[in-house]
Structure formats: structure tokens, C-alpha cells
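The following pair of complexes shares a single chain, chain A, combined with chain B in the former and chain C in the latter.
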Partner chain A sequence: MEFALPPFLPFFLGALVVAVLRGRVQAGVAILVPILGFANLWFGMPGAPETLQILDFTLVLVRADELAMLFGWLFHIAAFIGLVYSSHLRDTTQQVAALTYAGSALGAIFAGDFITLFIFWELLAVSSVFLIWARRTPRAIAAGFRYLLINVFSGVILLAGALVHLWETGSLEFSYIGLEAGLAGWLILLALGVKAAFPFLHNWLTDAYPEATPTGTVFLSAFTTKVAVYALARAYPGTELLIYIGGAMAMFPIFYAVIENDLRRVLAYSMINQIGFMVCGIGIGTALALNGAVSHAFNDVIFKGLLMMSMGAVLHMTGRINGSELGGLYKSMPITTVLCIVGAASISAFPLFSGFISKSMVMQAAMDEGYPVIWLALLFASAGVFHHAGIKIPFFAFFAHDSGIRTTEPPLNMLLAMGVSAVLCIGIGSYPDVLYGMLPYEAEYHPYDWSHVITQTQLLFFSALAFVWLNLTGRYPPELPSVNLDAEWFYRRLAPRAVGGVVATLVAAHAVLDRFGQRQMDRAVAFVEHHHGPEGYFARTWPTGSMVALVALVLVASLVFYLA
Partner chain B sequence: MIAQFVSQHLPALQVVVPLIAAPVCVLLRRPTLSWLFALIVTWICFAMSIALLIRLESAGTIVYEMGGWPAPWGIEYRIGMTSAIVLVIVSGIGSVVMPYAKASVAAEIDPARHYLFYTCYLLCLCGLLGVVATGDAFNLFVFLEISSLSSYVLIGLGRDRRALTAAFQYLVMGTIGATSIVIGIGLLYLVTGSLNMADIAARLPEPGTNRTVLVAFAFLGLGAALKLALFPLHVWLPAAYTHAPSAVTAFLAATATKVGVYILLRFIFTVFGATFAFTTMPLDAMLLALAVAAMFVASAIAIFQNNVKRMLAYSSVAQIGYMVLGIGIATQAGVAAGLIHLFNHALMKGGLFMAIGCVFLRTGSVRLESMSGIARTMPWTMAAFVLGGLSLIGVPLTVGFISKLYLIRASFEAGLWPFGVLVVLSSLLAVAYIWRVVETAYFREPTAEAARATEAPLSMLLPTWVLIGACVYFGIDAELTVDTAFRAAAALMQANP
Partner chain C sequence: MAAPKDEKPGWFDDWGNVKKLLRIFYVVCGLLFLVDFLYHRHALTEWEGFYGFYPVYGFVACVVLVLVAKQMRKVLMRDEDYYERERDDD
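The block that comes next holds the complex of A and B.
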């Protein structure tokens, strides 16, 4: 077939149609959209880039190379699963927002120049925020504003970086930038970093995602950060700084995830941790590492989606999401429990589950390229993931002490969506060649050789052993179920003293700075308001005499100026 | 036969038709009849301005001698690319506001005075078109007075009594401006003995040798700055725009200040010449400084306003800063950017004032607090406001982006990159004041009056959306505006080397 629509267009058109429909028809049409989009991509993907002429710029709307196509397939699958999962909803806002959001993500993935990327980048932020606002609680609305502000800000930096890049090189092409590009390189990296939730830029994610609707979080966790990962893989492969940023990202959220009570927020932290693996892989930049990064992104969307969906189902059925209020749900939600455990096994990278075949690629690449410290950090992060996402999530929600909540399985469409994800998790984990065949770079890798399987199985089994042993001997702290022995020593013995002191100092210093900053800011605003506010000197309606005097003054001043 | 007559006298008819139509309108008396008559006249004017623009494609400049008297004795109309653009803007806005005016005027002005309103409207249109079309300095002053006097009346026609003070202050300031222009023209006449602008330009003595010319330059600059509301001479504008009837505000905000900018361009480039203004005289430095002050001070004031019309009025002062900034950059690209913004700002500010006029029609107030939750009952009006606001901020795919893009480019190319940065920074202030309205209208619980409001009538919504739609259309396909502006700027720069 010669004719094909740009991949984002079916979604935007679908959003328009869905906006005027209601009820079951609306849900049905929404589910059709990703299927049609998929067919559009499958049958009609043009080889040559599609361009659009605006002003003096040639915008490359569609550039479909292998890297883009991989994410293209992924986003169609994710949109399909998410829409099935939310098809019981009767909320036009969410359906339209979800379709627009998925379409924007596709637009960004296939964008061939920075202006197109920027437009979809901002659309991502603007469309997705409605999934947060749709919860319609004051907390969600406030969190949505913060989310919007930071994400739009990221777009503005992206535009600034792109313009500087244009100024310096005369090109807007969205391809390798690197930090050698100077100011443009740093600005664009910062913009991508905000969306990819780099350390210190990550708070919007853990702040807003858990406040979204049960179904909204599923979409949110699929698109925004993965678009950023894609953009990093496109523009900054092999940037060494990213290795260390990725390592930090994989490690630090673990500590927060452990102490967090809101289970969806735990997942939000674990999301940053998983993105850490991808960023690290992009930083290493070899074919194997990049393949690992993008295939991990692929798998993460599916298994993180599955976990988010299972937690969404719990929230949907019980109205609660705090670990301390849940427990014992396996009695009334056995299918959900099993599906959640499949997701947990995948994220923990059990052999035969999808996480295993991609995560180990990044770690292998770290070892091959001579970053043993990073390898250790990632190993530690793997164990940490197993603890907070693999055990903590299912344990607190479905087992632990019986909370006495009796409910039923979620609606069929939710179970179906989770089922599809679970099948994909196991399928990809068991037959990795399908996914490997789609990877953009040439690299030979076999996940199921002895060393990988043994290392990973040992890690997991000793963790599990420790879990059981601690439980039996009664040393297992009820509030803080920790599994990982070395990590445990670190944060149970050393951390309280050392970190406690540091944290106290930091908190105090931060408070002082904050107060100082706040005071200066207040003072500045007060100053501006004093002069520019409705009663201010500049904004008052002046008496006619003063106006005329001003004119005379300006005349005299300009005469003096000219005659001088 | 008629077609030939029209085509031959098109430049004159452009001005004469509304001039003759105005007294006819007085005779009609009946509100609907006079409205319909004025509507037809404005649309004819618009058609004529488009025809002139098309004719300019083949001819470089259209010169028309009034009554067959050759210049410099007779009055000459001289229409170049710049004047053609401004003619299209003025008559275009005039014809879009007209259908809007019916419902709005019916609600805001005493029915017995409707025919006076439409008469003054036509007179004002005639004055503004005349200023742009004429090539005679004194004739320019006459038309300026026609447009000014009629706009004082238009502002004072509403039921809001504060409008009378505002109109009076505008009258005082406007008269000083016009007087200063006529003094300038007089001084030039003293030196050159001519009133025809092209002729004056040819007869001016060597730059820097004559103090009279210099003083004329100062007076003309001051007069134009007053008319275009250049900071700090903008003080008449906020009150006048705030208290005038909605249709008047939309019309004047989109046209009157633009004509002021045109007067400035006309005198700088075709009478004194760019070399005199920017090399001999430090006009570029003055314009740049005042433009930046306007961009920041007026935007900051807008943020603190609780009256949305007043807020938009201050925003106009800031936006005029962008146009003047373009002129102050004093390169072809800069002047073109100023002209692009002149066109674009007319679209967006016209659309915004019209949207806010719809709110006023339904709630009787333009205070921010009375607009709480209004987006639920007036979704189309507020959607128009948001799009216009985005354009004001300069979001891509709107005309505001095009303006700022070319302004920033021009400042970089001229080596004045700090001004490009300032443009971006001041845009952030626009985000703040637009966001206040959006937040109030979309995220607050509706007040009783906002909940009772219904969507504005189609006769007002459609014109609003025509302008807002144009904001988006010309934001995507900017070829026409950019091309025309660059050609106009090229013509201006070469006018008098």
C-alpha cells in the first residue's frame, strides 16, 4: 500500500470521534484506534520521510527507521492495553486525553526534526495532565499543575536548545547531538533529563503519577518517560555522563521505595530505577548496550504497565492504595494476584520473564566495557527492585496481615488487559528472539547461557532465602520487609547514623535557604506590585495635568538628546 | 464603465466611500438600518483594500492625484506595500467588528444613539484609512484629526460614566499629539516650502545642518509616539480601552495604534530617511530603550490587573513595545518583524477584546473575579480567549510565535542578541497574566452570575472566531504575511537612502 497516515494522525482523529461519542460505543471506538493505527503502520509505512513545509523550515513529520519503529510498535501495544483496561470508564475527558496523549507520544517518536519534536513534546504534557486532573480531587489538581509546569518548562528548554543548535549548525535535524555541541547539547540534555526523571529533576513523576486516576497512571507510566529514553538514545548515545546518571537513577529510588507506603508511588520510584538501567545503557553506547536500553524500555512499558494495572485494580475495587491499609486480598482477588506476581517476576528479571532478557544485556555491556563499579551498582539495583517491586508490592497488597477487606475481582476488561500484558511478559521472556529481531542495532546476545541464568537465579534465590530465614527467626521487621542483605546492612546500620546526620544538616540548610529564597522572592514581588499593582505608580490613572507634564518632559528630553 | 471608474479611482474611493457614507448614516436614523448600511460600507472598504494589495503585486507604488492636480500642488495619494498592508488590517478589522457590533452595541449603548455610533465608526474608519493612504503631510494631519475626534466620541458613547473621563483624557493627549504633529509639519514646511511628503524628502537640506529640521523631527516623533501609545506616553490608553464599549475597544485596539506605528514609519523612512533618523539622530537607541521598558513595565502591570479589559490594554502597550523594538533594530529584517507583529497583533488583540466583550455581554462585568468558572457556561468564548492568549504568549502554531521568531532572528542578525533574549523573557510575563484568566475561568467554581450566563450569540462568536482562526491560520501558513512584510520593509529601507 502506497498511502499511509502519519502514525499520530489516527489517534488524533480517533480522539475527535471519541469526543462526540458516549457509552459503550465510545469505549469500543477508542479500542479500535490503536488497532487501526497498528494496521496503518504495518501495511503502509512509507520508506521516505514525510515532510511538511512551514515558514522556511522543512519539518520532518515522519521518519521511520528501526529505532523509531520499535517504539512505534510498543506504543501501539501499550495504548491498546491501556484502552482495554480503561474501557469500563464512562469519562469522555479521560478517553480523549488518553488518545491524544498516545498520539503525541507517537508523533514525538517519529519526529525527524526538533521543531516537530518540540510540538509533540508539549502536547504530551498538555494532554496527559488531564489524566491526572480527571481524578478530580484537590490533591490531584494541585499535583497536575506542578506536573504541567515542569513538563512545559522542559519543552521550553528543548526549544531554546534547538534554536541555539539551529543558530550554531543551521540544522534542525533530530539526530546525534552529544555534549560536544556545547550550550545546545547541555540545554537539550537538560530538557530530556527532566522528562526522563534524572535525579533532582524527578520529583514531578513521583509527585503526580500516584495522584492520577487508576487508569490514567497506566498511560502515564507508558509514554512520557519512554519518549525521553528514546530521545536520549537518539541524541546522546555513548555520552559517558549518562552512565553515572543512570547508575545513580537505578540506586537512589530504592531507598525511597522502601519507606513509601502508597504502593503506586512505590511503583513510580521503581520506574525511575528501571529508567536508570536504560539511561546507563545509552551512556555506554555500544550496540549491545543500546539494544539493551531500548529493549528494556520495551519490556518496562509492559511489565510496569501490568504492575500499575494490578495496583489500579486494587485501588478501583477497594478505594485504598496504602500498603498499611491493604493485605489479604489474594482471597478475594486471586486472578489479579497471579497477574501481579507475573509482573513482579518480570520486573525482578526472573529467567523466562521479560525483564531478564533485557536487563542482563545492559549489565553485560557494563562489564564488557570496563565499568565494574557500575555493574555492581546495577546488580545492587536489581536486588533492590526484587525487594520493593517484586516482593513488597504483591506482599503488602495481597498477602501480609489480612486487612479484612472483602471484594471481588475487577471488571473483565481490566483482567483482560492485565492478561494480555502477562502473556507478553512471559512470551517475550521465553522467546526473546522475536524482540531481538526488531532491535535497531547489530549485536549478538544470548540471555540463556549458564553465567547469566546462574548469576540471576543465585541473586534471586539468596534474596528469597534471606527473606524466609529472617521471617522464621523473627528478625524480619514487620514495617520494613527487607530482603537484600548487603543493602540491609547499609541502610539499617550505617544509614541511620551517617545519613541521619547528613540529612538533618541538609534539611536545616535547605530550610534556611528556602526561607531566604522565599523572603527575597516575596520582597521582589512586593516591590513589583508596589509599583505595578493596580494602586501602583505606573498603573494608576493619572490626572490629566500630570499626563501633559509628562509629554512636555519627554519632548524636552528628546530635544536635549537630539541637540546634544 | 463603472468598473473602469472604480478601478481608476480606487485609492480615492477607499477613503471617500466611508467619508460620504458617514453623513448618509446620520440620515438613516433607524438602528438596524444604519447598522446594515455601515456593515455594507465596511465590507466594500475591505474589498477595495484587498484589490489595492493585489494591484500592488504588479505595480511598485500606486500614485493618485486628487482632482487631477499634480503634486506637489495638489494632494497626492501614494500607496506602497506598507500602506497597503495597514489598509488591509484597518478595513479588515473594521469589517469583522461590524457584525459583532450589532448585539454588543444593542446591549451597551442607548438605542437612540445607535445611528451616531455607526456614523462615528465610519468616520473613524475613514480617518484611519486616509492617514494611511495619503502622501500629503497636512492631509495626514486632517485625517488623523477625523479619526481621533470620532474615536473620542465612540469611547464616550457607552453607559459607563467613567468612559467620559477616559475620553476626555484621550482627547487632551490625542490633541497634544496631533498638535505636535502639525507643529512638526509646519516646521518642515518652513524649511522646504512643501507639504507633499516625497517632495519634502527631496528638498530637505543635508542632514545635521539645519536645527529646524531637527526640532521638526522631535515634534513629529513625539506626536507619533503619543498616537501609538509608546511607553511612557501610553497613559491615556488603558482607561480609554477599559471603559469604551466592547466593539469600540476591539476596533481601536486593533487599528488605531497600528496607524500610529504607520505614521512613525512613514515619517522616519519616507520623509527623513533611515540614515538621518538612525545615524545622524540616535532614534534607534531611544526606540529600543522605550520598547524594552514597555515590554516589561506594561506586562508587569498587566499581571496585577483585576479588570481583564484593562489587563489586555496594558498588554497592548507591551505588544506595541515589540513592534517598536523591530523598528528600533533598524535593519530590513527588524522593520519586517515589526510589521509582521503589527499585522499579527491586530488579529490577536482584536480577537481577545471581542472574546472579553462576549463575557461582558453575558455577565455585565469584566472583573477577573466575576469570570470564575465562566468556561463551563461559555466554552466557545473562553476557548477563543485561550487561543488568543496562547498567541499573545507566542506559542508555536499561532501568529505570536511567528512575530517573536522573526523579532528574535532580526535582533540576532543585527548583533543585538540581548534584545532577543529580552523578548523571550518578557513573553514569560504574558504567560503569567494570561494564565490568571485561564485559571479563574477554568478551575474556579462558577459564581452565581457566571453559572447563569449562556454562550454569546453567534453574531458575536463568529467574528471572534474569524480573528482567532486567522491567528492560527497565519501562525501555520505565514508565507503571505512574512513575504509582504519583507517586501514592505525593503521598500521602506530604500525609500530615501
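The block that comes next holds the complex of A and C.
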């Protein structure tokens, strides 16, 4: 496809314009940007990729095949919803960061070579961190630095992998790599894995997303990880390792989600769980599985965005987000409650909601390709996601016990953004053919047959029954103000301690050296004082006398050398 | 923030309402379980096609999930300011 402008450019130009505007005009112009960008994609003509010559390399700035276009549409929708949601803000930092961030995500998915990808990959990190810092709390600033370090590091590995790949193959093309490519393949997979929040590499996400501003998290949850999913689908389809990584990702975060108190952190864990389904589908690598992975990414951006927005609305209105402090808000925020439940039903994959038509493609493919254990794990994760995202989020925020908090619905723009997402969730779930028509691979799939509808409903109702039973019998763990240790412990606690130990040793060594140096210095000073001090030989004569003595010495020396 | 005194109690504040809702929920669950015996399901495999597989799996999975997570708390749970406090100590 050929576009009037590279898809990222309207966003970057928009960011420049928004930077000098203020107030309502600023918010209005920001919302116009994704609309213009959408039109730019819509009126694109079939054509050759757009290239740029730099040194000896051909950079492919825009390669718009079906896979890239699917994410292109998605990111425009996500940016639009996010900008409507944040249009009450009067914070230029956040508006500019959001537009730059969305533009970088578009740049990355349309990139046709690794250098272009790398540039946008780093821009993603650098632009999005301002959405975290804009919370302007010490906690958010610290989390932002950790986020930035890890994400920039991912880019550095990506570049290293790309250079090894260039050296081995002579090509920078961003296409299938696979692990057969050896070192380059592993490096690039690691870089993508950091951004996709693979197990043990995932804590930047659960650390930073809940610390961002109420509106910032909505953008964060849309772009970074989905760019990584896109890149995995492009470079590693059918890589068996990903099936197991995806299975692990779908499983372990749900345990954390059950005991986590910060409801936006619950959603962050749940996000890793959903990416697990996508990674698994990419690993399976059949047309059905890949379609499942990318369509689930599409749906996840919208329903996870909706859930994040509903929790953002709660945080915005009450200043609280911990399950232990919330409850009973259905009375003062009924519309938000209903919209949150639509998001919850979608992520839980209730029939007629969007998750239902995408998640099952991955599961069907897992069974078809002979991975029954993975299928069981994904089914466990499906029940679990309903449990923590589908029930826990709405229950502890809007129902449970009455926390005594009385507030009102959030501003109209927030409700509108959530409304658009809710309509999309139900629309895509009820009329899946629109989304299916955009999928990049050829595969026949019909989500609405009786067996699928009934078994899925059974699974969900009995998961809910388990919640009811555990709650009524007092077995359900209460929401407690707490932190749960995760892989981040290694770099937030162990490493600082280890570094602290090393530093202490160095300080001690430095003190010893310091004393030694001090002694040498004292001796040097004493030496000078002995010769030049009040009692010294050179103090007895005028400086001219010293000079004459020195000149005589030089003359004698030169005479000796001359004669020798 | 305390609730204002003259406020009408919410629908869910009445335990009787919740009980009614739960009773309907139990009936739906029962019917969903029985449906398995009434229609021919396209099973993916032999064991997955067994009567009541999905309801039982969903229920057991969630109970296991919650009980395991509860045990995890004993090992993993720390005070809310765990990481911040460390920084101050050092």
C-alpha cells in the first residue's frame, strides 16, 4: 500500500502542533489526529513499500501488508479512544507523549527493516515513559526510570541482534527470522520477549503501568506489548518454544492477580495472561492459530483498554485504586459499572462479546496440532481470567462491601470513550465477520456453534460458582494492602543489596588507599618544606640566586655532554 | 467518607435481593450442567467430550487457583512499602 503520508507522520506532526496549543483547542486537535491518520490509511493505494536511502542501506519506512494493516487500524482506534478519554486533561506533557507514543507504535508496525524498527522501538520507550512520570509522584518517577531502563535495554538487544543478522545474511529485512538464525535469532527473540513481557522479563509492565496516570495507563496498555506481539507474529511464527512460553504466560499471572490489591495491577497481570494466548498462537503457527493470535491482540486492546478506563475512572473520581479501600461504587457510578462489566464479559470470552470469537481460535489450533496439555493450561487460564478480571475487578470496585465512598460518574468524555469501546466489544463479538475479513491468513473458523457456546458458558458459570462458594464460605482471600514478591525482587532488592555490598567494600578499600596516599603526600610536602621552607637551602637565597644556581648547573651539564 | 444518613440503601445492600439472585444463578448452573446430557456435542477429543467436563473443570480450576494463590501469600506477601522502605534504610 502507498499512503499520502507515512502512518506515523500525522501523529508526530500532531504532537508538534499540540505542544504549542492549550486548553480545549489542544484536546480537540489531539482527537483530530487519529481521525486524519485513519483517513490517510483509508485512502491508501496499492503500491510498493516506501523506502529511504541512507549510506549504503535501504530503509523500508512503510511496508503495509495485511498483517501490518490490521495493527494499523487497531492503533488508530486505540489512539482515538485514548485521546477522547483524556481530553479533559490540561497537561501538555501527556498529550504530546500520547501522540508521539501512538505514532511510534505505528512506525514500528509499518517498519520493513530492523533499523527502522529499532528507531521506533526506542521511541516507544522514550515517549511512553512520560505518561508514567506525569503522575508526578516519587513512586511513579522511580517506576518510570525502571521502565525506561528495561525498555531501552530491549532496543539495544534488538539492534545487536539485527547487526548480527546483517553480518550473517547481508539483509536487514524485518521478516521471518526464527531460531534457526542462531545468535541473531535468539537476540532478537530476547528483545521482543522483554517487550512482550515473557516470564521473568515481565515486571517492568506490572511495576510501571499501575503507577502511570489514570489516562496514561490506557495508552500504555494498548501499544507496547501489542507491537511486540506483532513483531513476534512477523519474525517467529511456528517457533515451538513460544507455545510453552505462551502457556506459562497465560498461567502464572492469574495467581498473582488473585492476591493483588491494586486493581490496575491486577489488570496488568491479566494483560500478561492474555498476551500468553497470543504468544501461544504464534508458536503454534498455523493459519488458524496466527489469526487467533492477532485477532485476540485486536480485541485485547479494546477490552483491556475498557477495563483500564473503568479503573482509571474510579481512580480519577475517588483517588483510590486498591481493592481493600473500594466497594459499593455501583450506587454512585452505575454507568461506569455497566461499562466495566462489558469489558469484563469480553475478556472472559462470554458468547456475544469480543473475547469469545478470538481466544477460541488459539485453543482450537492447540488441540488440532496435538498440544492437549497446552490446551488444558489455556482452559485453566480461561477460567482463571474470568475469575480475576471478569469477577474480581467489578466485584471489589463496584460491589463487595460498601466502602462509604460517594462520588459521581466521571466526566462525559471518559464515559464516551468507554462507551465506544463497549460498543466495539459487543459489535465484534456479535458480528465477528467484520474482524475476520481483516485477518491476514486464510483459515475457516465459525465461533458460533452450539458446542462452543454451551461449553464456554458452562466453564464460565461454574467458575463464577466457585467464586460464590469460596466467598460465602469465607475461603476467598480478602483484599489486603500488600506487595507480592515477583521476579522484580532480583533487581529491586537483591541487586541493590549486592551492589550495596560491593560499594561498601569499595568504600573501605578507598579509605585504605586514601590513608596511604595521604601519607605519601605528607612526605612529599615535608620534602619540599625541608628544601624550600624557612629553614631550607633555597630559602636562604633570593629567587634570582636560585636561578643563577640552576643556570650554572645547566651549563655544567651541557659542557659535560659536549665534551663527552 | 461516610455514607449520608438519608440515602436510600442500594439494591445489593439488601441481602434478600442477593439471595434471590444467587438462587436464580444456582438454577442456571444446574440447567447448564444437565444440558450436556441433552445435546450432541462435537467433542475435540474423547476425554474432553465427557459429560460435565467443562463445568467440573471450571469449578475445580478456580478453587485450585484461589487456594494456591492463598498459600502463595504466605511466601510472597510483604508490606505495601516494602521496596520504598528498603531505600530509606540503605
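Note that in this section the second predicted complex is superposed on the first by the 460 of 564 C-alpha atoms of A that agree within 3 Å, B and C clash if a C-alpha of one lies under 4 Å from a C-alpha of the other, contacts with A are read in each partner's own complex, and residues count from 1 in each chain.
Here, a contact is a pair of C-beta atoms (placed from the backbone, for glycine too) under 8 Å apart; a residue touches a chain by one contact, two chains touch by 3 or more.
What you see is a predicted model; the values in this text were computed from it and never measured.
Student: Name the contact category of A:522: first (chain B only), second (chain C only), both, or neither.
Tutor: So A:522 meets neither chain B nor chain C here.
Student: For A:65, decide between first (touching chain B), second (touching chain C), both and neither.
Tutor: Neither chain B nor chain C is touched by A:65.
Student: What is the contact status of A:255 with respect to chain B (first) and chain C (second): first, second, both, or neither?
Tutor: In the superposition, A:255 contacts chain C only.
Student: A:240 in the overlay: touching chain B, chain C, both, or neither? Say first, second, both or neither.
Tutor: A:240 contacts neither chain B nor chain C.
Student: Considering only the touch criterion stated at the top, classify A:115 as touching first (chain B), second (chain C), both, or neither.
Tutor: First partner only.
Student: Between chain B and chain C, point out the one touching more chain A residues.
Tutor: So, of the two partners, C touches more residues of chain A.
Student: One more residue to check, A:372. First (chain B), second (chain C), both or neither?
Tutor: A:372 contacts chain C only, not chain B.
Student: In the superposed arrangement, does A:399 touch chain B (first), chain C (second), both or neither?
Tutor: Touch partner of A:399: chain C, not chain B.
Student: Taking the complex as given, what residues does chain B use to touch chain A?
Tutor: These residues of chain B touch chain A: 166, 168-169, 172-173, 176, 180, 211, 214-215, 217-219, 221-222, 225-226, 232-233, 235-236, 238-239, 281-282, 286, 297, 300-301, 303-306, 314, 396-397, 402, 405, 408, 412, 424, 443, 476-479, 482.
Student: Per the contact definition, I'd like the list of chain C residues that touch chain A in the complex.
Tutor: Where chain C meets chain A, its residues are 1-4, 7, 10, 12-13, 22, 25-26, 28-29, 32-33, 35-36, 39, 41-45, 48, 53-63, 65-70, 72-73, 75-84, 86, 90.
Student: Going by the contact rule at the top, pick out the chain A residues touching chain C in the complex.
Tutor: 139, 254-256, 258-259, 328, 330-331, 364, 367, 372, 375, 379-380, 383-384, 387, 399, 402, 404-406, 449-451, 454-470, 475-477, 480-486, 492-493, 496, 500
Student: Report the residues of chain A in contact with chain B in the complex, numbered from low to high.
Tutor: Touch residues, chain A against chain B: 54-55, 115, 118-119, 141, 159-160, 163, 167, 528-529, 532-534, 536, 538-539, 541-542, 544, 547-548, 550-551, 554-555, 558-559, 561-563.
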